[in-house]
Amino acid sequence: MVASILPLRLEAVELRKRGKHILGPLSLELGATGCTILLGPNGSGKTSLLRLMHGLERVRRGQLQWAAPLEEARRKQAFVFQTPIVMRRSIVDCIAYPLLLDGQSRSAARAEAADMAARVGLHGDLARPAFVLSGGEKQKMALARALVRAPELLFLDEPSANLDGRSTREIEAILQSLKADGTRIVMSTHNVGQARRLADDVLFLNEGKIVEAGDAATFFDNPTTPEAQAHLNGDLIP
Amino acid sequence: MTLKSLLLSVVASLAALSAQADTMKMAVTTSFANSGLADVILPEIEIDTGIEVQLLIVGTGQALKLGEQGDVDAVLVHSRAAEEAFVEGGYGTHRREIMYNDFVIIGPSSDPAASGAADEAIGALAAIAGAEADFVSRGDDSGTHKMELRLWDAAGVDLAGDWYKAVGQGMGAALNTASGMNAYILSDRASWLNFGNKGDLAIVFEGDPVLFNQYAYLPVNPELHAHVRNDLAQKLENWLTSDRAAELINGYAIAGQQLFVFNAQPE
Amino acid sequence: MNDLWAGLAEALRLVLRLDPDLVEITIRSLQVTLTATAIAALIGLPLGAWLSVNRFRFRRVVIALLNALMGLPPVVVGLIVYILLSRAGPFGVLGLLFTPTAMIIAQVIIITPIVASIAHQAIRDLWSEYHDLLISLHTTRAQRIKALLWDSRRALLTAALAGFGRAIGEVGAIMIVGGNIDHATRVLTTAIALETGKGNFALALGLGFVLIALAIAVNLALHMLTRTERSSQW
């Protein structure tokens, strides 16, 4: 097996945006396996933390360290956004795009993209423009696009926040099978039920800080902080 | 279109442009071009001499400027003082008179200023000024404009007043303006006869010898601009002063009226 | 009103007769303006994309400059190009004055800012849409520009057509640098100016209608091209 880009270590990392303090200082380590779920109320910093780890936000204070050179680490991870970014292309070309970037031929990339579309349950004519897809289908397309390069690490930011129950379950099923295949998943959600179904361990955020972190079973059965207890009960955090 | 085919077409068009063997450029005035004489003599010139003459139709001022800068090989204009200054400045090799036509005073057919009753051109203009009837001037420093200013000067008229409208345009545009306003205007006979938008306008005064308009030919000085085709300019001059040219120029008529009088002197 | 009908009739007559002079100046109009549009697109589209994707110190200044250049009076462009290309000017030795090439140069200067500016707007919007995805996919700068250009191609076509529209109807600049020489640099617009000057309104209008028809035809043709492209691509 090739060397892993994980673990990822954050040390006293802080994030500011437009002069506003958003995250941290926070320190954590993401191990090489499992599914980590970021939980926390709206505005607690889940999206910001995912983007920061993925390299979409610049770290100005603290340290963010991959187990592999940055270039390699960037290539072996992918991100699924809360609102899918739909390119103005056909469905198959949207999914194939990352492969084209890697220098694959258009036909080979399309063949692989079609396989991946089938795997995430995207059916129908893939030559249609991607914008005609429904919300759930767009998210599946985005998932297929993220997976087409076979990333070692997959970030997902509330991938089913805008979806109905059925699409949510379909996405979850895909994530379960990815987990089974050994893809490292780091995902945020505000859906506690979804977190219970998927999590191996949990990072609970509030006001830009990690309030509680650890094994999923322990977190859900015996949350130690009042913030986590309130969140799991569906109450407002004191 | 692909980039390659595009570049190829650009290169091809550039190549086509440089393949002009016996082509020369001559700057002429709008009044000459509007006369239609060029359409008759240019094909004959090409047959007789093999020279394709490309005309740049501009005002006298710009025509001489093009010659000064070496952007044309010869100039054919009608403004004696400016032509002599051009030769004196070393921009032209010499000045050769070719032909003349004449100016006419155009105005509303009813001639409200009664300028047609005058004996001389100066008197006709003075009548227009006296009546403060609308008058359109080219106002573009062209040969026609300069002629007009000389006449006003001789008539002792002060050109201040609403009735005098300098439009700063070529002969055709100025005629269009005069037609639209039903105003008086000084025009060369050829431009007037060929003009298609006469409206209520008509010739109100003509025939005074001061209205004669001498055309002269000026080859651009090759000592100043080595690239000019002085050889072709010479050949063209020989043709323009030939019997063949005399026959064509004197024979050119619009609506039965002869427009130009050939008056080139043999060398 | 009578003049308008006469103009329409004249246009029809010219077209039906396939008047050789008309065909010649129409082809020259197309040659000059299509070439100028293609060159302006080659410069303006990547420039627009580059301005959208890059942050640099004088970016706002460059964009403001571009927008200001859009309003350049063609006559001024013509005069500047004339002075540059004149035998007495710095590029006089090339002998380009009063050639279609000079007209192309003037038109390129007039329409490149328009093409770049419209392209910049379209690509900037697409870039804000694509930004996170393209960063996430770890694209190089060239890959980003390529994706943005390709995916905004319809808007870029509009940009090019706007440039074409302005160039094909332009008369001030090409009159000065082309000289309106019969059989050499005369195009539809300069012929219209000439005939208007002679008071031949019907012929001038006729040529005007041909010009309008030509502009519509080019727009429709390119539109159809993208339609076929859409059905095969998507």
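For the reader, a short list of remarks on this structure follows.
Letters A, B and C mark the chains in the order given here, with residues in each chain numbered from 1 onward.
Note that a residue touches a chain if its C-beta (ideal position, glycine included) is under 8 Å from a C-beta of that chain, and two chains touch if they have at least 3 such contacts.
Predicted model only: the values in this text are computed from it and were never measured.
Chain C has its Cα centroid nearest to the centroid of all protein Cα atoms in the structure. Chain centres were defined as the mean of their Cα atoms; on that basis the chain farthest from subunit C turns out to be A. Remark: subunit A and subunit C have CA centroids separated by 47 Å (rounded to whole angstrom).
Centre-to-centre separation between subunit A and subunit B, using Cα means, comes to 79 Å. Chain centres here are Cα averages; for subunit B and subunit C they lie 33 Å apart. Put simply, subunit A touches subunit C in their complex at residues 54-56, 74-75, 78-79, 81, 85, 87-90, 97-98, 101, 127-129. Taken in their complex, subunit C has these residues touching subunit A: 126, 129-130, 132-133, 135-139, 143, 147, 151-152, 233-234.
Residues 1, 3, 6, 9-10, 13-14, 17-18, 25, 30, 34, 54-57, 68-71, 170-173, 175-176, 179, 194-198, 225, 227 of subunit B are the ones that touch subunit C when the two sit in their complex. For subunit C in complex with subunit B, the residues that touch the partner chain are 31, 35, 38-39, 42, 86-89, 92, 95, 97-101, 179-184, 194, 196-202.
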